[in-house]
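Listed after this line are the structures, all set down as structure tokens.
Below are two complexes that have chain A in common, paired first with chain B and then with chain C.
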Partner chain A sequence: MSLDRARARTEPTPPEAVTPRRGRGTELVLLIFAIGIATFAYVSVDLGALGRVPPNALAYLGALSVATAVAHVVIRIRAPYADPVILPIVVTLCGLGLAMIHRLDIADGTTRANTQLTWMAVGVALFVGVLIFVRDHRVLSRLPYLAGLAGLLLLVLPLLPVIGHSIRGARIWINVGPMTFQPGEAAKIILIIAFAAYLVQTRDALALAGRRFLGVDLPRARDLGPILLVWLGALGILVVQNDLGPSVLLFGIFVLMIYVATERISWIILGLLLILAGGFAANAVVSHVAERIDFWMDPFIDPQGQVAQSLYGLAYGGLLGTGLGQGRPELTPIAESDFIGSALGEELGLTGLIAIILLYALLASRGLRSGLLLRDPFGKLLAAGLAAGFFLQVFIVLGGVTRLIPLTGLTTPFLSLGGSSLVMNWVLVALLIRLSDAARRPAPPSASTASSTNDTAVTQVVRIR
Partner chain B sequence: MSELTLTVIKLGFLAVLWLLILSVTSAMRADLFGVRPPKQPKPQREAREAARQNRQPRGAKGTPTRAFIVEGPDTGKSVALDGTPVTFGRGAECTVPLADEYVSTQHARLRFHESQWFVEDLGSTNGTYVGNQRLTRSTPVTARSRFRLGKTVVELRK
Partner chain C sequence: MNSPIRRISAGCLLLCVALLINATYVQAFWADDLNARSENRRVLLDEYSRERGPILLADDTPIAQSVPVDDEYQFLRQYPLGPIYAPLTGYYSYNYGRTALERAQNDILSGDDDRLFVRRLIDLVTGEEPRGGAVRLTIDPAAQQAAWDGLTDEGFKGAVVAIDVETGAILAMVSTPSYDPNPMASHSIEEQTATREALQADANEPDLNRAIAQRLPPGSVFKLVTAAAALESGQFEPDTEVPGPAEYDVPLSTRPLPNQNGQACGDGTPTLTEALRVSCNTAFAYVGNEIGDEVLREQAERFGFGTQPLTNDDMNAATSVFPAELDEALLAYTAIGQFEVAATPLQMAMVSAAIANDGVLMEPYLVREVSGPDLVSPIERTEPEERTRAVSPETAEELTQMMVDVVENGTGENAQIDGIQVAGKTGTAQTGREEDPPYAWFTSFAPADEPRVAVAVVIEEAPDTARDDIGGGRLAAPIAREVMEAVLGS
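Right after this comes the complex of A and B.
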């Protein structure tokens, strides 16, 4: 009988019973693979377009390896339990983007790939900074309203007279010294943080059911305030900044996060209805939007236009693509930015484009997976918001490029030319790494595993090894 | 560059790209099938063989008659082995109460069975060791055998 008692008392398994795999070795192998692919793409662009191995191939390989190695080492030190596939996917996407920008450089006689590589270095530096300074993601939830205000400020910054700057009709840039920066990219991340912190506080009220309509529980009318506010904000951005992408993206992220927080499908339905209503209103009022919708209905009213050229390019690429360096992606206006998806689709074909979309999907799935594993509601919402926002952005821009939905100006994360987008997406990935580290880290052993008996105190645990 | 080479490069690149996706998904497999528990320090078969080796040659050495505590806070204590089970632990109800803080309330037991003494662990926190091996089952012991519980070492003598 004493045996049974002793067993029962010491039953709680020791904390080292199941050691989760950290996966840093896996990450290293995948990273080497990713760098190999990036270099392969870079070399084959030159082989295809110019018929020679690029003279700076080794320098390119070195720069990419150094940036990746820095990120990997910092993960090893600061986030040892982080998901091992996130960084390799990001490096692959960056490499493909660099190769395609380099390919367009060859066609246009520019050197934008070098600029992009520099921005990637800046991005990695910020990535390292975030991992070092944000030790625990929960500190981000402390100031939801201030974060929201900061996000909004960043959004309206381009409207200010001196620093605001307008390129191709969209007033979303600011001048910082000699450079231009899109504050909207930073605002996106800050607003996701603010939404997550806000929804943690209010989701119980938002989940309350109101009137039932067509088998769907609608939320109570008085809870509609936040969604309408964000909707109006998004419409405001659209009208004053003349830019469709960020407004759709921000509103979409907000709706998805409310859905994640409340598990009520009615929010999605409401959100879609509001997007449609906003779209109709914008179509009538904002000329920019009406134009985009016209091009969506019939892209060939301007055969030289972006959408038409993008479709020609995709058709030219076909199933297997023309091969890197052998297509004519430069015929699409601004192919290096919004339309890099069609440029890649032309040279890598449907097979390559699907692979790229899958990489994005895997990345988003890792974010959602971290959200499922995380133990605190803020972390769950933040991970879901970052992953959903990321994938929504990919959907919006690639959907526009392939004429699935009306074209809205957004960058393709990690692929498009553009410092602000690249840098901010590295920050986003740093947050995802931090969240996945928190999710996969084994729970600290609780102090109350050993119950003391009346005649003795707790047995001290010997550390072997 | 010949047309053929370029085609090979093109298809090769697509193949490598998809290979990466496959490796990424296979790295994610752990999520679907769970995390494999770490390997036991000694597989059971080896432990059994080791036990058998222990049993045969040393069985001839004779049965011990007394257990001495040779290390730890209770050094010098001893207990006669007369065939009734002997328990070691920090609890007062044990045959040999120990003052060692690393010992569980009911830590280990010596048991006489078919003219052979066995030592067994009673599910203690820190385990009972014969040599470097943590006990997972009843293990035969003979005169001159030693086993360790916490910081205490017990030696059996004739």
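Right after this comes the complex of A and C.
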């Protein structure tokens, strides 16, 4: 599908709409609230844990404000029609994450919050970079195979000698100079781009050609082949690396995107069946997985273990929480990373946890909304993949720590300690901003006069509004 | 592509709702259960970091207190007097939970009790650290010490209970061998574990409160109950003559029931008073069969058998038992405190206390009052409470005279106190196992004319005493005398 045809799919401009609302003023107001919440949380941690206002409160406020201001200004220049809610949500989540990491620093005698703040600056820099260099998201669709290869390469990196590095049994890290980095976080985004680009090219063939087998429309092998290869490769590497979370996440994103591309619900059914089958097989074969499932069925077989401690923390917080700095989140293992959700649930209570979950849901809904509004199939697919994948990750990790589903290791976007995750989530948000800008931008005047005879285009116009 | 994106949006919404419902379930509905789990370190740390209230004796001596220490728990629970009061205080252990008063009075001590609600509100407003309330006991330190010394000087395994006869307040409660609860409250888990394992491995069960939690055959001290039933029935008077041969021909049985010394009591037909004085088995077996098992059971129940004591204090005391179905043969043994009749030392002290208090049994209690953290404002004081009328005032008076006779002229001579009339009864109970030495019992009260304190002593094992020398009068009566003197002297 060419770019020209995609442009042609625009709805008739309503005569009364003169200047569409850009929403930058709304964004600014919301950002001030976000920074206020973040700083208040930071100060509140020190007040609760140490009984004093942190001496560097103003410096913290300044750093956060500068980073946010840069992001906001770049949006004003490069993506003026972007959704005004996305950035404030991200800043709020980052602020809460920083406050909780700072709170755990106080308990453990470490200074990880400073590192995290530095990584946030790097994230904002990449966010700016993406908005400046990717002026139109459709450029991303040009090289699907190269993107797929790059994604796979990033996944393989940690397995290589010398630079590969293993933490807590998962070999998903690489050493870059003095720092460690999880290339899998970047691979996830690149693979979503690759999936979207490839599926846009082949979706007709995937959806229409092929045989029906057991009520499921199976596509031809040559249409499915390359992407299946990428998927199997990614999963294989993740299983070898002994990291369950990203494997499940990547598989889920793949299934969702192929469903969006083909509009056939059979893919979802197939995907769920494969997940169940894979789960049963892994439970039988991989001891690591069997252990996770045992802990899910009965978290108290190890009363001081992760899930039990996480539940105790949540229960201790109750409805309103202990207050920042006044709980005992440090009792939960790796509370600063995978279990930061339960640490926040402990100190902010059910109320705070619900707010956080809703923030995530709102962010995802804004991405999905962009997908609905966008006119080009690649953009739609990319937005849906990024947003749904993002929320799927939130569900897998928060569901895991609250014992809704078995625990699989994943970071909590924007909250968890860890540079790779934070930076790459800023990149993901930059892409969502770019996509929402494209979705809300009024069509160029020349395009509005062009009439389309394409049946599907007409149908889509009807569906949007 | 819009319809699948919409469906996916709906799917995300579903996942979101699932997360919200699950979080609500965990934090709002499951939370109480989770917080109540014993291995939940958060709740324990919370308790530890709060200043737990003290347990005090009647004279305000602390027997359990929290002192500030410089570690993550902030307060260390200490038991300054250790083993003497261990059966009362119990311990407060991070790993093994709480026992005895530390368990029973936990709500007050930890400050969670509803009666401290106003105090908590004030603390919340003033920003003061919440503290637990204090529990003040009825225990008289002098009596407790006398009982402890009496039992431990010669390494006895046994127990002592002393009761204020007019109120039911428990003045002393000692159980030996005991243990030091301090290591159980240590902040070192290893020390707790080692102590606990040593306690569990010890065949003497030092952490068993023998004074209230162990039932033994009462032997001859139970003759007080039989005598009370006989007098109450109207068939007998203190000077009624009863047959007291060397051996009682047990109905329905070929095995006769002998007297301890194998001889007839007195001239063979002693009065009831004389029978009690020399603790005549054959006479009381006869009396038992004369009055019947129904009358005897009712009398025992009026003294407290069959009802759990100390329930207000939640001390998990054992219920003393009088056997259900009895034929004449078993009734004969029951009447002299053998067969399946079993009583705690507390129960036998209650028998004496009821006789001393004109026949009225007062409800025994340990906690005199609970107060707020400032120790001066009592929030609840235990009021003495009548439990039952065990015997009529006349019977009580007659029994008192018979018991005075036991101490002045009979088996209880070792309980005599200069210038004060003592009423008492000895007991030497067979364990039911040939190889084991008998249990030595003694129960008494004083002064006989205006009773204040009732005591029961039991000695299960006396390691340095020859088997034939074990007897209530010889071993147990001197301890009872010491305890009574301690109470009356103060």
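As a convention for this text, the second predicted complex is superposed on the first by the 401 of 465 C-alpha atoms of A that agree within 3 Å, B and C clash if a C-alpha of one lies under 4 Å from a C-alpha of the other, contacts with A are read in each partner's own complex, and residues count from 1 in each chain.
Operating definition for what follows: a contact is a pair of C-beta atoms (placed from the backbone, for glycine too) under 8 Å apart; a residue touches a chain by one contact, two chains touch by 3 or more.
Everything numeric in this text was worked out from a predicted model, so none of it was measured.
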Margin query: Touch test for A:E263: chain B only (first), chain C only (second), both, or neither?
Written below: second
Margin query: Touch test for A:F133: chain B only (first), chain C only (second), both, or neither?
Written below: neither
Notebook entry, point to check: Which of the two partners, first being chain B and second being chain C, lies in contact with A:Y145: first, second, both, or neither?
Noted result: neither
Next item on the list: Applying the touch criterion given at the start, work out whether A:F280 contacts chain B, chain C, both or neither, answering first, second, both or neither.
Entry: neither
Next item on the list: Kindly classify A:G323 by the partners it touches after superposition: chain B alone (first), chain C alone (second), both, or neither?
Entry: first
Next item on the list: Kindly classify A:K380 by the partners it touches after superposition: chain B alone (first), chain C alone (second), both, or neither?
Entry: second
Margin query: For A:Y312 in the superposed arrangement: first (chain B), second (chain C), both or neither?
Written below: second
Next item on the list: Under the contact definition given at the top, report the residues of chain A touching chain B in one complex and chain C in the other.
Entry: 349, 358, 460
Next item on the list: Under the touch definition given earlier, write down the residues of chain C that touch chain A in their complex.
Entry: 1-9, 11-13, 15-16, 18-20, 22-24, 26-28, 30-35, 37, 39-43, 45
Margin query: Applying the document's contact rule, which stretches of chain A touch chain B when the two form their complex?
Written below: 2-3, 5-7, 9-11, 16-21, 23, 26, 29-30, 33-34, 36-37, 40-41, 44, 47-48, 51, 84-85, 88-89, 92, 320-324, 326, 348-349, 351-352, 355, 358-359, 362, 366, 369, 450, 453, 455-457, 459-462
Notebook entry, point to check: Mind pulling up the chain A residues that touch chain C in the complex?
Noted result: 256, 259-261, 263, 265, 300, 303-304, 311-319, 327-328, 331, 345, 349-350, 353-354, 357-358, 360-361, 364-365, 368, 371-372, 377, 380-381, 384, 387-388, 391-392, 394-395, 398-399, 402-404, 460, 463-464
Margin query: Which stretch or stretches of chain B touch chain A in the complex?
Written below: 1, 6-7, 9-11, 13-14, 16-21, 23-25, 27-28, 30-31, 35, 37-38, 87, 89-93, 101-106, 109, 122-126, 150
